[in-house]
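Quick notes on the structure that follows.
Letters A, B, C, D and E mark the chains in the order given here, with residues in each chain numbered from 1 onward.
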Amino acid sequence: MSITRRGILAVPALAALPAMAEAAAPVRIGCIEPLTGNAGSAGQSIKQGITLVLDIINTPHPDLAPLPLAATSGLPRLGGAKVEVIWADNQGSPAVGQSDALRLITQDHVVALCGAYQSSITLTASAVAERYGIPFVAGESVAANLTQRGYKWFFRTTPYGPDFGKLYLDFLAYVAATGLAVGKIAIVHENTDYGTSVAGSITEAAKARGRTIAQTISYNANGTDVSPQVLALKNGKPDVVIFVSYTSDSILYMKTFHTLGYRPPIVIGDDSGFSDPAFPKAVGNLAQGALNRSAFVPGKPDSITYKINALFKQETGRDLDDTTARAMQGFFVLCDAINRAGATAPDAIRAALAATDLPASRLMTGYKGVKFDSSGQNTLAYSLVIQLQGAAYVPVWPLAEATAKLALPFKGWT
Amino acid sequence: MRASLRRVLIAIAILLAIAPVLTQDAFYQRIAALVVLAAISASAWNVIGGYAGQVSFGHSVYFGIGGYAALLAFTKLGLPPIAGAPLGILASFVLSAIVGLPSFRLRGHYFSMATIAIAALAGLLVTNWGYAGGAIGLMGPATPRSPADLLFRSPLPYYAIFLVVLAILLVLTWWMERSRMGFYLRAIGSGERAAASLGVPIRRYKLYALFISGAFTALAGSLYAVMIGFIDPDSGFGILVSVNMVVMAALGGAGTLFGPLVGAIILVPLEETTNALLGGGGTGAAYVAYGVIIMLIARFSPGGLAQFLPRIAARKSPRAA
Amino acid sequence: MSEALLRVSKLAVHYGDLVGIAEVSFEVEEGAVVALLGANGAGKTTTLNALAGLVRASGGTILWRGERIEERSAHEIVARGIALAPEGWRLFVQQTVEQNLRLGATALAERARLAPLLERVFSLFPRLAERRRQSAGTLSGGERQMLAVGRALMSDPKLLMLDEPSLGLAPSVVDTMYETLGRLSAAGLTLLIAEQSMELALEIADRATVLQTGRTVLSGTAREIAENPDLHRAYLGAAF
Amino acid sequence: MILLQLAADGLLLGAVYALFSSGLTLIWGMMNVINFAHGDFVMLAMYVAFFAFTLLKIGPIFFVPLAAMALFGLGVLVYVALVRHVMRGPMLAQILSTFGLALFLRYAALWAFSANFVSLPDNLVGGVYQLGGIRLSASHLLAGGTALVLTLGMHLVLTRTDLGSRMLAVSEDRVAASLVGIRAERMQALAWGLGAAATGVAGGLIVLFFYVSPEVGNAFTLLAFVTVCLGGFGSVPGALIAGLLIGVIESFSAYWLGPATKDVVVFALFVVLLWVRPQGLLGRA
Amino acid sequence: MLLEARGIVKTFGSFHAVDGADLTLAENELIGLIGPNGAGKSTFFNCLAGEARPTLGKIRFRGADVTALSSAAHAGLGLARTFQVPIVFEGMSVRENVMVGAFLRHPARRRAEEKADEVLEFTGLAAQADMLATALGTAGRKRLGIARALATEPILLLLDEALAGLTSAEMEGAIALVERIHARGITLVVVEHIMEVIHRLTRRVLVFNQGRVIAEGTPAEVTHIPAVIEAYLGRRAQGSPESRAP
């Protein structure tokens, strides 16, 4: 997709921003996240994560050297300017997210935006950024349509729906080769935009390979009982169950599996709920062998990821989850681009973002790199398949990244 | 007394009309546009909820219909979103007739409950309606294809459009207030038994009121979708959408011409600025304050802020023997 | 004569600016039966409601055993020994006969006396004993009246006030009711009976007070009142 | 067998619905005041139970009564400080007041406890029981069973004790109640206390198998409204039957029609019932 | 015959509030409806006004069957009523309250306003026209109730205790008003407790007791009918009172 004409509303980018006046004036970035509302938990975690990234960028962290801007203090090419984040609460509302974006751009004069967790809010907030000619980096929103709008100022570092579908089908093809049946796939998804869009992407990816989904169950995530769904699965006897679920429902599913004595041979959780640190804590002993996707694993003790996780844990008492890590990664990419631009003019930042080419070694997530196509999508975005073994998830596929052996079928509880 | 009151309020309205032009700041201009948008739906609610006293908690249905009509017109027919507004209004008439008539038999809390349930039901149906984007919602044009798409960088054009609609609605309400219809609605809201004894056809007039109220709420929904460029079940049919209309009208004074506008002028900037000042902290402090303010109003001024005005007027009048 | 049990002086009640009663004065002596007479709307019910603490007096005084009680609320008054069987009975129709009676004893300080009081009511009104488990809503008019009186008696009052005990009842039921009231009076209970039906009330009363449009117009012994030619005027207007 | 399993699951959950709805119906029936903060009462009770466990290390035998007591206090406080003043005012003011209360409670909880989902450890009430072919988890059994017993208990308290009889008397006829010496205000405060306490117990039981977050009450408020309307305002047995019915309807419609549509079925039934029989299943006309 | 009600029965559950009542009214009559509390006057009245539908019986107004018509339809036909406890429309001035009634025959605001002013003048409320109706006292509210009903230009006006609770001076004014209304050619049915008023106003009264009309005649006549005296004063009223010796 080519960069489109910006039409009648195109305006020259805001020229003289205060950040340019003094060399060491802080560089302001606006972050729009759900700090309250249904997704408040995720938004708060992202806020903690990005605050950690700020610390890594603004103060020297030589031990994290491969990460962009870690070793130095501030943005070297802007005279060591510190990065500052202006936070905005999107309250889970697309309209509020849009107000946030406008306020951050016109009142706080931020040079770039990031966020906004919910795809719907990323959609409306980035539309404002587009009209104002301010770069917007989405580190965590996965809806496919975000990068199908022909926007010039929108960049997404995270893998999105179609990537996940591809990942699961590749993985299942590998499992099939080991001799396990994977013919009947069931998708169980919560019915807000996250669940619906990811389930749709997986279904499409399956269709692209000439496979069909045997059973699709859509449910409301705030229900207190999931036994009917589990009974329906028990009845349908699928080989693979893919859950696209939030936290409370993921936990309920595992509990209900146990209650009803049902063990599907392969259980895959699509990130979100399965990745919440609360999940292994609450039902780790009932969900042994559950698979999950993640772009982040702490890894070996001396790895960068391990150290970052340790820093995060020190601050929050929790392990870093996938969503937070992807948001942090997006923020790293944005700051790196601003630094490379050597200026805070939006055009310069945009050009630097478009020219981003970060290798996997300089990332904190398991992407194969960061390189944007013309739609702003990171073409090297990638996830790993991880498996709950004991108290924690370990990477099991692709084999090159695996630290533990894939153990199937799903064991659940003992 | 009341005439001079009206003059003051009209002055406020004029001030409101020119206020955003005075500031160059797009964020304040946007707040002004949102105030007017909120005032449209709250004033529309006011026709049935305030004047006729039928406390609907389901007006999000109309708002959602309007919003979806606009973006369906865009995504399915390739029309400019605003072209869907008439369809939304048409659908609101049909819905009013289907849903209003049986619900009007219910009084007080029962009516409110029925409207809540209908709105919740509508939201669920749309969530499960794949054609209309299901839970993912619908997106407006990403970039303007023609001026008719009404995609502007500056909030001012939106403000102007909203203000025209609000002005039409308020003039209509003002005219209604002075005509037989307005008298009948207020009589119904005050006491159905007495109104019926004077020959007021109660259900017919409730339905008329719902037609007007629903149509303008649907229009507000369309305008919302045009400006925001996105609608999903929650932002169209969510219970908070209804509640906001009720709270604004009640705060300013339900059943008064300018009450909902006053409510919007107070609440929208309050929400936006508390979110701007406190929202980044993520503590929810903004809503805590919001909740306390609402409780205080309910406790100490149950008739809304407008209540104080006629109170004074009444106090100054001589008592009849 | 000893000090009156109840002394009402210049009692006035306003509902907003509607006049309930303008100036009502009378006395009730211990052990007496006093009839409060007057046509519809004369202010009998308002007077009793004010005595029971249901409506606040806007003027005048109510002296009960030497204590001013016009400012007291209903639950304090019933605790002091004044009970009212109200107009239209106002039973708790969703509850059983026995529950209604037990509710009548709410103000009773000594719960141990509840059982004997219940027995007294059941012996006065055997019909209620038969229907003690039945819901009050299923009772006939006469039985409802019995229950209303029984409920009032459950607080073991010194003064029992009855508002139109004969209203809407069959004559035989009224006879029984008045017989029972006579027995209660003979047992020493003081009674204040508001009646439209003058004849009935004067049959049982020692003294009577006649109200007209919210004022006391006549007071005296039952015989004096019955023979007073002004009485008809108070009821049926000027044509007499 | 699946049908029995569905029915059993639905009934257990329905019993919990019935319990927190009976709290609402008590308040509603007695005072004709809608409490929009009802779900947030459940949420607070869940937090009380959660913190009682994590901070005081006490189990459900203690934290459920503790939640009940805490909510009792809250109910009385809300009545005395807020509801008492608005209940005779215009309906809009009543609605606004409890709506403001809901916002306040929800976001005060967010402020105090953060937006994070928290839950009790799974093994607190662990284990699975097998009855014939039906498998039921201990936490659901405990919650459903307790809820059933307490809802029935509440019904018995209302119908068989002097206290309950007095409360019903106030709701039937405030004037007559004051005539026999009942202090109506006290009874109404007590009704708020008891209603909230029932909600407190429900919250303490739900937390055994469900997550807590400041937003969790949302789901319960609407459900409680439906249950109360369906059962008839003020009727505890009505709330019980309606709660169980909704539990079972949800369970079966989730299985047959898909879980996303189970609420559609419940709400549609509710709207139609409201149109046809507004007084509810067991309510009086 | 203006109005004819035949065999009206209205039951609530097993309770017969009205138990076979009849009424015929000629043009420009002014009749009184009296009876002790609970006699069924109000229910009968509600049946006539279309607010309650009789369980049995038929009501004809100017020859047309109106038994099943709504109260709004009654008003449209020229059958208006007032309420014992006046319901004023809040937030509206006295004039606006009356205009609600006037709009029935005059959809245009200006004409409705003129009609309202005329009625206000007629009922003596002109001075209070611009006051909020809720600021009126009881007498004013009752008068407003009458004015509102008059504004619908009725042929027949049903007055439900329009004078109860008034001071004697207010009552004089109210009686004069009723007489003026009658003088305009409007037929009136007056439910009243205060016998003095009945004596002064009406030529014909119907006495209700236990859901039936037990007597009919001039006020002077009916007050001498034993059944009426019994209904009012109690049974055996004409017998010698045997009061207990003090």
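Note that contacts are C-beta pairs under 8 Å (C-beta built on N, C-alpha and C of every residue); 3 or more make two chains touch, one makes a residue touch a chain.
Nothing here was measured: the structure is a model prediction, and the numbers come from that model.
For the pair subunit D and subunit E, chains touching both partners: B, C.
Considering the contact criterion stated above, no chain is in touch with subunit C and with subunit E alike. Counted by C-beta pairs in contact, the busier of B-E and C-D is B-E.
If you average the CA atoms of subunit C and of subunit D, the two centres end up 43 Å from each other. Mean C-alpha position of subunit A lies 37 Å from that of subunit B. Chain geometry summary: the mean Cα position of subunit A and that of subunit E are 76 Å apart.
Note: centroid distance subunit B to subunit D, computed from Cα atoms, is 32 Å. Among the residues of subunit B, those in touch with two or more other chains are 127-128, 282, 284, 287. For subunit D, the set of residues touching two or more other chains reads 107, 110, 115, 214, 260, 263.
Across the assembly, subunit C contributes no residue that touches 2 or more other chains. Contact annotation for chain pairs lists A-B, A-D, B-D, B-E, C-D, C-E, with touch applied as defined.
Contact residues on subunit D toward subunit A in their complex (touch as defined above): 2, 5-6, 9-10, 13, 16, 107, 110, 114-119, 121-123, 128, 135-137, 140, 206, 209-211, 213-216, 218-219, 250-252, 254-255, 258-260, 262-263. Taken together, the subunit B residues at the contact with subunit D in this complex read 55, 57, 102-103, 105-106, 108-110, 112-114, 116-118, 120-121, 124-125, 127-128, 239, 243, 246-247, 250-251, 254, 282-288, 290-299, 302-303.
Within the complex formed with subunit B, the subunit D residues making contact are 32, 34, 82, 85-86, 89-97, 99-108, 110-111, 115, 214, 222, 225-226, 229, 260-261, 263-264, 267-268, 270-271, 274-275, 278.
Partner subunit C is touched in their complex by these residues of subunit D: 162, 165-166, 168-169, 172-173, 175-183.
Against subunit A, in their complex, subunit B makes its touches with residues 25-27, 30-31, 34, 127-128, 134-137, 139, 142-144, 147, 151-153, 155, 224, 228-230, 232, 234-235, 272, 275-276, 279-282, 284, 287.
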